[in-house]
Amino acid sequence: MLKILRVLSCRQQLSESLLSTKADVRDCLWRLRGYTSDRISAPYSIYKGKAALSLNPCLPTFTKLTSGMIVLDRRGSMMMTFMPAIGERKYDWEKRQRFALSATEVGSLISMGPKDSSEFFHDPSMLSSNAGQVRKSLSIKPHADGTGYFVSLTVVNNILRSRENFTVPVTIAEFAVMKTACSFALPHIMGWDRVTHQQYRGTVGHPPKTDPQVLDLEWEK
Amino acid sequence: MLKILRVLSCRQQLSESLLSTKADVRDCLWRLRGYTSDRISAPYSIYKGKAALSLNPCLPTFTKLTSGMIVLDRRGSMMMTFMPAIGERKYDWEKRQRFALSATEVGSLISMGPKDSSEFFHDPSMLSSNAGQVRKSLSIKPHADGTGYFVSLTVVNNILRSRENFTVPVTIAEFAVMKTACSFALPHIMGWDRVTHQQYRGTVGHPPKTDPQVLDLEWEK
Amino acid sequence: MLKILRVLSCRQQLSESLLSTKADVRDCLWRLRGYTSDRISAPYSIYKGKAALSLNPCLPTFTKLTSGMIVLDRRGSMMMTFMPAIGERKYDWEKRQRFALSATEVGSLISMGPKDSSEFFHDPSMLSSNAGQVRKSLSIKPHADGTGYFVSLTVVNNILRSRENFTVPVTIAEFAVMKTACSFALPHIMGWDRVTHQQYRGTVGHPPKTDPQVLDLEWEK
Amino acid sequence: MLKILRVLSCRQQLSESLLSTKADVRDCLWRLRGYTSDRISAPYSIYKGKAALSLNPCLPTFTKLTSGMIVLDRRGSMMMTFMPAIGERKYDWEKRQRFALSATEVGSLISMGPKDSSEFFHDPSMLSSNAGQVRKSLSIKPHADGTGYFVSLTVVNNILRSRENFTVPVTIAEFAVMKTACSFALPHIMGWDRVTHQQYRGTVGHPPKTDPQVLDLEWEK
């Protein structure tokens, strides 16, 4: 059962690219392996009484086409990880649950005013025969007195017949860090830093020779 | 006819530099070829019922003068591409239309409040004998209920006697991504990241010898 | 006595990592030495009549685990340094006092509106037998007429039986620089620039082979 | 006469570092020469009926101390250049005047609301025997109808018995570009990108050996 869930979770990450490429599970695992090696981790963590929440940007992956073009393969996300408290300043990593915010969901978070709420729904097994069996919902709700937000994740798993809920109160200052850090990370999880960075590799004033057909494909109908 | 249009579109991209340099069409194509090779693509795409919209930053190009100075050659832009829907989740790439936002038009977009509208007009054949034959207008209008914007492109082509219109409803969250990503990209399409990046190549504390005349040209009258 | 204080101050910097790693003092000094070598300094300084204030970002340090993962070791901070005036445009560097804003405290600063106040408390000897002996408080209070803020540091040292206070009036423009510079620096003191930068080192399209167990630890339960 | 003015202008650039280092004029010219070689230029220009205005970031310079520390030598600035119009789309480069915004003046510009005004005064020959002979003032004033700003530079030169004035109307969109580009450039003209960038050069987990005295100087009293 554990193995099945792993694959589902992996599929969740790839759901958008699966829409068009129909990568099989082996392919999916393979890419994740490549992605996770030599990885740097620096989560922003908020530890509270009943649960902890951490944010970590996950970068997109790219593929080089035979034409030489490099295109986005798997989209990046802002990974939110929740852990339940099991004692004073102790949290159970084994019982963590994750929610990967897409670029547009990050856009929703960073545009929230002090009185705004947001709610996002994910189905990790979307597009598979298990669609609807696991449902995740993330909600961000302001405190009545304007001093912060409640960030909650609910995971309902019909396969395991379980329901988990994590709620972390987040102060205005902590939310400001989340917004600033997410604004910083957004172009990176979209892959735009790759696009804007490529100029440094180019030569100046001496355009390389290219098949005119490529130009046509790129710029015109 | 198609070939003529291609050149016009290319001219549109170069309209600003054409004002001063009068590059001929061969020159223009050549630069684009250099620019498009080895390119990384990571558009931010919004797929809706009747049309899709994608944003992609286009970087400026630079030229090295005989004095050693590197100056902006062709300005960058934020390329918006619209495609009509031809079925469920299917869009016709062949019928796409483009609109390249200048730095100032990007400035207009990122300074829009929730009730603001913007409208931009481009003439791809500006300054040629076909001036006024093709007119493009991009409009961004807020929903009455404040839940987002309508982003529309209209292309009227008197040569082909055609009129095309694309309208994509954009949510507040999607518009927040557009604004954040455009704010990130703006210094890059202006070439300022090149200016601020150059220091890393310089040595510290040992200024190279330079013709004093260059100093005079640079800093004084 | 001076030596003891030095160690306490060093502990303050490491207080967060001490919570989990219990690094001893030798370890702590060692890391600081590594950190401070080959260092670039470019503080933003505000010189006023009675005291001066300068801001300088302090970067986090990272450690490579045997698994190959690189994790945050010591958190970064925004170092605020206060110096008392001892004459016209002269300040006493020997009598400086420091206050290291954490990421969340930086979040508090950058989210301040024109009428907002902030106050932060630090105990450099927290978790040691000297806990409570030295107390530092930083306050940011708006001018009544909205033309700026008072930024004050108070250091009460029960060991030295001393009490020092520094107050620097900061204009709206200077505070805008502080906010913009802190927003720029925040992802860096969190280490997120390291996370987003790592992609440039990776190869595209050829994922390296990795122990599947690492994948499991990273992505699943 | 021209030569004297050139030196004065150079002094203006260095006025802040002159406060402490008393660099002589030869030194000053030398640094500028080093700075201007191999330079990349990508000004943001606004061409209007009576005058043109362009913005270009000027980076700071650094010096390596014998201790190995690299410190800020000359501060960066945001250079504003004004040129009078001498015909349709023609501007007189020979009659240009410059105004170098400091970091704090940039902070003032980027914190301006739609109804706010700013005014800055510079004396290029400050601290010399010619103090007060040349006075420059830059003002930014909002249009009455909220559609933009007037940006004006006035240069009164008592040595040449001249008074020059340049006024450029700037739209909301153009001002948004100025603010976004200045916010991007601010950490660079402060030198903070150098501070945050240095980590990439450091090794991870193996701190180099350093004189403990350096540590003491850096971190303690």
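Just so it is clear, A, B, C and D label the chains in written order, and each chain counts residues from 1 on its own.
One rule holds in what follows: contacts are C-beta pairs under 8 Å (C-beta built on N, C-alpha and C of every residue); 3 or more make two chains touch, one makes a residue touch a chain.
Quick caveat, the model's predicted, so the values are computed rather than measured.
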Chains touching both subunit B and subunit D, listed by label: none
Longest centre-to-centre distance from subunit A, chain (CA-based): D
Equivalent-chain rotation between subunit D and subunit C, CA atoms, steps of 5 degrees: 90
Subunit B against subunit A, contact positions shared by both copies (same if over half, else different): different
Euclidean distance of C-alpha centroids - subunit A vs subunit C, Å: 28
Subunit A and subunit D, separation of their C-alpha mean positions in angstrom: 40
Touching two or more other chains - residues of subunit A: 62, 70, 194
Overall pattern in which the protein chains touch one another (line/ring/star/complete/other): ring
Contact pairs between chains, per stated definition: A-B, A-C, B-D, C-D
Interfacial residue positions of subunit A with respect to subunit B in the complex: 19, 60, 62, 68-72, 103-108, 110-111, 183, 186-187, 190-192, 194-196, 198-202, 204-210, 212, 214-216, 218-221
Residues of subunit C touching subunit D in the complex: 2, 5-6, 9-10, 13, 29-44, 56-57, 59, 62-64, 70, 73, 89, 94-96, 171-178, 180-181, 184-185, 188, 193-194, 197
